[in-house]
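In what follows, chain A forms one complex with chain B and a second complex with chain C.
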Partner chain A sequence: MNEVLELVFSTSFAFSVLRLTTPILLAALASVISERAGIGNITMEGTMLISAFMGVVVSAYTGSAWLGFLGGVVIGGLTGWLLSYIIFKLQVNDILAGIAINLIGSGGTVFLLFALTGVRGISTSLSSKVMPSIDIPFIRDIPILGEILSGHNIITYLSFVTVIVIWFLLFKTALGLRIRSVGENPDAAKSVGVNVYKTKSIALTIAGVLSGMGGVYMSMGYVSWFAKDLTAGRGWIGIAAAAMSGMHPVGAMVASVFFGIADAAANTLQTINLPSQLVLMIPYVVTLIAMCVYAYFRLQRKKKLARKKA
Partner chain B sequence: MKKHGFKKILSMLLAIGLLAAMAGCGGSGTGDGKTPAPDGAKDPDGKTKIVLLLNGYLGDLAWYDCSAAGITAIQEKYPDEVETKVIEMTTDKSKYDSIINDTLSEDWDIIVAGSWTMIEYIEAAASVSETGVIGFIGGEDSTIVNDSLVGYLEGAAYVNPDIKAIVSYTGNWDDSAKGKELALVQYNAGADVVFQLASNAGVGVFEAAKETGKLAIGSDTDQSAIFTGSDPDKAAAILTSSLKRVDTSLLHAYELYKAGTVPYGTCEQLGLDKECVGIVENDNFSAHVSAEQAAKIAQAKQDIIDGKITVSSAYGMSTEEISAFKSQFIK
Partner chain C sequence: MDKLKVRLRRPGMTQETLEKRFSMLRTGLAVSIGIALSIIIILIVSDDPALSIKYLLIGPVMNLNNFYSLFTMWIPIVITGLAVCIMFSANQFNLFAEGAFFFGAVVASGVALSVNLPAGIHPVVCVLAAAAVCGLMGAIPALMRHKLGASEMVASLMLNYAVLQLGLFIISYFFRDANAGSVASRKYPESAKLLELIPRSNIHVGLIVAVVLVVLVYFFMYHTRWGYEIRLVGQNEKFAKYTGVSIGAVTVFSQVLGSALAGGAGAMETLGLYSRFSYTSLTGHGWDGVTLAILAGRNPKYIPLAALFLAYLRKGADLMSMKTGMQTDFVSIIQAVILVFLLAEQFLSRYRQKKTYALSKQLETAREEMGG
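Then we have the complex of A and B:
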């Protein structure tokens, strides 16, 4: 047990928390901006897979990690735009459209992988590139903190910068105001001349770009290949994190870090001889408990407000 | 009008996407259903028809690929007598019954299915471990995986009775990021050699080994050979691979079939003596293992073949027995 505590309080534990948080955080931010625009967007998992695959393929054929990153992010944005087209122009239910895109993400990538490499499971035969890890000057030299914060993949830093960018976009810009207004009351927004469709599709495209970054991180940062269902449910956990955050970017960051800690703790607890089935459950049980606690407090607040009005 | 045209194309694209999704998820089963008709016509040639059913996908660079290689080996060795086919049943267990029934109703002479009982023995890990702590990462906490674990731990204890082990499971066979994460935790906890048995998820272990400069052991086929071309550093981090020569076993089984001596209904154990299991001894292996250690490993191998050392198997062990066995080694 002491050894586990030693591992939990080591710098590499905190380092792994940030590494585990990155894809969840990006998916959570994508969910936040979609929900703010009033769309039930469940495509994070599928979009991440499509972008993860695209990143590997583009970087393998161009030999450039940055072009791979760009390719992954652009296809992510396109997927988001496609979703908005299906939902608003073709009038398809958002959840059904989301399921279709998730299926294309998990099955379509395997199909294309097979077409390209002749292998169904993994892209190791393509020599794809990896996004660089960065040592931050000054911070690097601070004891403990430097070991935790420095040396991460560049997309990990980007994901935390994105929290501020999305916060600024949603609450400090005219576009953000429009996104929130079409989400809360599309008819009122329309009456004052806001183009509802355009605003919603911008929000979904941004969500696609964010999921795309998460996908590229999985295949070109976390590991260095694309594999079938590489994201393994991280997109879904991201949606749960966004639901817990009260649809606020900073809240999404806190919730994602919380999931990162749960994941890292589960991995560390495996080193002692606990039943593996029990330990593997931890992140999911934590999700469930956190959702219940959040729902309880929201209900309390609503009751309080109702009492005040009465 | 133009807009309408675009919509049509889009819905077609979506339909193609869904088809692609289905093909990706396991189209192989349905695609193969058509083949018996033309094959049936060819039957007068007197060819032996062999079909291999895999409970997963090709492309795991390990178990399934190795089985398929066995089928190819039979085809190459006896090109005039056999006709072979590999069906990937995928990991979707609900499909197994119907695919197996379909296959049975077709005119195959030999149907190869299921998993193999393998007894293996790796002590290389303990020989090269300097910290006295070794790691194991399995795909799931099941008998087949634990069987390898038992062989691994016994082998390690044979060389170093005080050896300690860390055992983790990814809980699935796909999540290679989790495989990497678990391996990093194990290396961090003091393990310097980690044996992975987790299909695609296990490939993450090699990356963790490369980044930390520690060693990993692959499974089923020589997994360092896979990376020698695309990523030499990663190949160098793979100490050896435990071989389960499914390909050799299959060829062996077919030869028995030809001779008419297949012991139907019994379970034949193919071990070190028939070269059906073993470990890879390549340049990378010799770089980390001294001649003396290698000689000791060869001696142990001979002792197992002669029956001087008996290796336990997780088959027939109850869950309690396995966890008791594990706790002997866990620190």
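Then we have the complex of A and C:
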């Protein structure tokens, strides 16, 4: 038991929490902005895979990590836009459209990888680049805190900055007001001259960009290759985190850190003598339990409100 | 005008048959677009496009063995298709079929290796145990949705990942064959294996089970009260509630039933085709079930046909990859494209409007003529 405590209360554990929170947080933010625009967007998992793949391919062929990042983010945005086209122009149910995009994400990337490299399932034959890690001056010299906060991949820092950006976008800009209004009442928004389709389409494109960043992080930060099902359900965990956030970027950050801890615990406990499969179950089981707890309290609150009204 | 009357007298030229024809046309077109797209992809990617296309299109019927294995692939996806059909009919997007299929195989392996029973009964017990366990697990997302209002879809996906690890744990800690190179269970006893219908074809008794299940599920969904209530809840939950249907019981039941079917399918797959449990990841059969349920318009009647199409495409792609080195994963792109076109309300909508308009005109003139 001491051994476990030592592992959990170490700086490297806290460091890995932030490392593992990054993709979940970005997916959660994507879900928050989609839900605010009134769309059930479930494509984070697929979009992350598409962007992770694109990042690896572009960086390998251009030799530039930043171009790879750009490529991944752009394809993520395009995927978001494609989703909005399928949902609104072709009028497909949003969940089923999401299932189709996720199919493309999981199977399509593996296929394209093979078409490009002739190798099945993993991209190690491509010499792809990795996004740089950054040592933050001053902070890195603070004893414990420096070890935890400094030296992360640049996308990790970007993801936490994005929380503020998305908060600002949603609550302090005209576009954010439009996004929230089409989500809450599209007819009212329409009546005051808001272009509903365009607004929702923008929201989904932004969501795609965010998922795209998460995807690029997975293949060019977390690890340095693309592999089949690289994201391992993190897009879905992000959706669960968003569902618990009250659809607020800061709430999404808190929930994501919570899941990041679960993920890091799984990684850390693997080093001691526990069955690895049971340890790998932790993030998913924790998510299930957290979903129940959150939903339970939300229900209680609703009941209380209803009683007050009566 | 005479011609028109003849047409009208033809039985069933009503709005309903027009709708039916229209959805057939749409399905046909969506599938054709999918096939055309696969051919385009092959033309771009393959080194030997002619040979690749040949194997994709007629490979599965080129010899008897390929034809047999078409049905080997058909059996599990028909059952998962039915499973998803039942769950989606109640408008519950429970995607646990994928996890249930895997865990059903785990449970069946566990029972097969730890219980001694005579040959006829052993596999039946294995499959039923798998169905029972997976059915109960399928109740988890269902209850989370019904009791707490959490998303059954996200819950079912988390459950998929969780049962994958749980299953691998069970196999590697209790049933592992130390002599096998990778993580695999010990070999199944002969008594637990499913009966092979045609010698050396890999077609097992599951074929008959699948056919019977299609009939049963169709009958259940369209000719029993429970099935009617499931569909009613799916079409209009509020209306169902006001007519006195117990929403909770119906939605939970539909997901338990669906998960149980998927679990049983996984059990039959592993006992029918393999000599030991050797899966290391989720198998994709549940996701195929989702495709099939949509392709069949959530009607169990059309699942076998849709499954045959998907199995044909898969087998064709497999053969192609064996003979020419093309990858098979492009089938999922085709699947996605077909789904989008199939589900797109706007696709062909102008054509549909035109036809509906023409029909109503026809009916009007006919009525006038009869009256005058």
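Just so it is clear, the second predicted complex is superposed on the first by the 304 of 310 C-alpha atoms of A that agree within 3 Å, B and C clash if a C-alpha of one lies under 4 Å from a C-alpha of the other, contacts with A are read in each partner's own complex, and residues count from 1 in each chain.
The rule is simple: a contact is a pair of C-beta atoms (placed from the backbone, for glycine too) under 8 Å apart; a residue touches a chain by one contact, two chains touch by 3 or more.
Nothing here was measured: the structure is a model prediction, and the numbers come from that model.
Q: Which partner chains sit in contact with A:Phe114 here, chain B, chain C, both or neither? Use first/second/both/neither.
A: Once the two structures are laid over each other on A, A:Phe114 reaches both partners.
Q: Is A:Ala232 touching anything from chain B or chain C once the two structures are fitted on A? First, second, both or neither.
A: It touches chain B and chain C both.
Q: Taking the superposition as given, does A:Ser106 touch the first partner, chain B, the second, chain C, both, or neither?
A: In the superposition, A:Ser106 touches chain B and chain C alike.
Q: When the two structures are overlaid on chain A, which partner does A:Gln277 contact: first (chain B), second (chain C), both, or neither?
A: In the superposed model, A:Gln277 contacts both chain B and chain C.
Q: Applying the document's definition of touch, where does A:Asn93 land relative to chain B and chain C: first, second, both, or neither?
A: A:Asn93 sits against chain C, while chain B stays out of touch.
Q: May I ask you to decide whether A:Ile122 touches chain B, chain C, both, or neither, giving the answer as first, second, both or neither?
A: So A:Ile122 only meets chain B here.
Q: Please work out whether A:Ala240 is in contact with chain B alone, chain C alone, both, or neither, and reply first, second, both or neither.
A: Touch partner of A:Ala240: chain C, not chain B.
Q: When the two structures are overlaid on chain A, which partner does A:Val17 contact: first (chain B), second (chain C), both, or neither?
A: neither
Q: Using the superposition on chain A described above, determine whether A:Leu70 touches chain B (first), chain C (second), both, or neither.
A: Once the two structures are laid over each other on A, A:Leu70 reaches no partner at all.
Q: Determine where on chain A the residues touched by chain B overlap those touched by chain C, and list them.
A: 86, 89-90, 100, 103-104, 106-108, 110-111, 114, 120, 229, 232, 275, 277, 280
Q: Give every residue of chain B touching chain A within the complex, in rising order.
A: Checking each residue of chain B against chain A gives 7, 10-11, 14, 17-18, 20-25, 57-61, 88, 141, 166-169, 171-172, 174-178, 180-182, 184-186, 188-189, 199-200, 203-204, 207, 226-227, 230-231, 323, 326-327, 330-331.
Q: Within their complex, state which residues of chain A touch chain B.
A: It comes out as residues 3, 7, 10, 12, 16, 19-20, 85-86, 89-90, 100, 103-104, 106-112, 114, 119-122, 124-127, 218, 222-225, 227-230, 232, 263-264, 267-268, 270-273, 275-277, 280.
Q: Show which residues of chain C lie in contact with chain A when the two form their complex.
A: By the definition above, chain C touches chain A via 45, 93, 140, 144, 148-151, 153-155, 157-159, 161-162, 165-166, 168-169, 172-173, 281, 287, 290-291, 294, 327, 329-333, 335-337, 339-340, 343-347.
Q: Can you tell me which positions in chain A touch chain C when the two form their complex?
A: Its residues touching chain C are 42, 86, 89-93, 95-97, 99-101, 103-104, 106-108, 110-111, 114-115, 120, 229, 232-233, 236-237, 239-240, 243, 275, 277-278, 280-281, 284-285, 287-288, 291-292, 294-296, 298-299.
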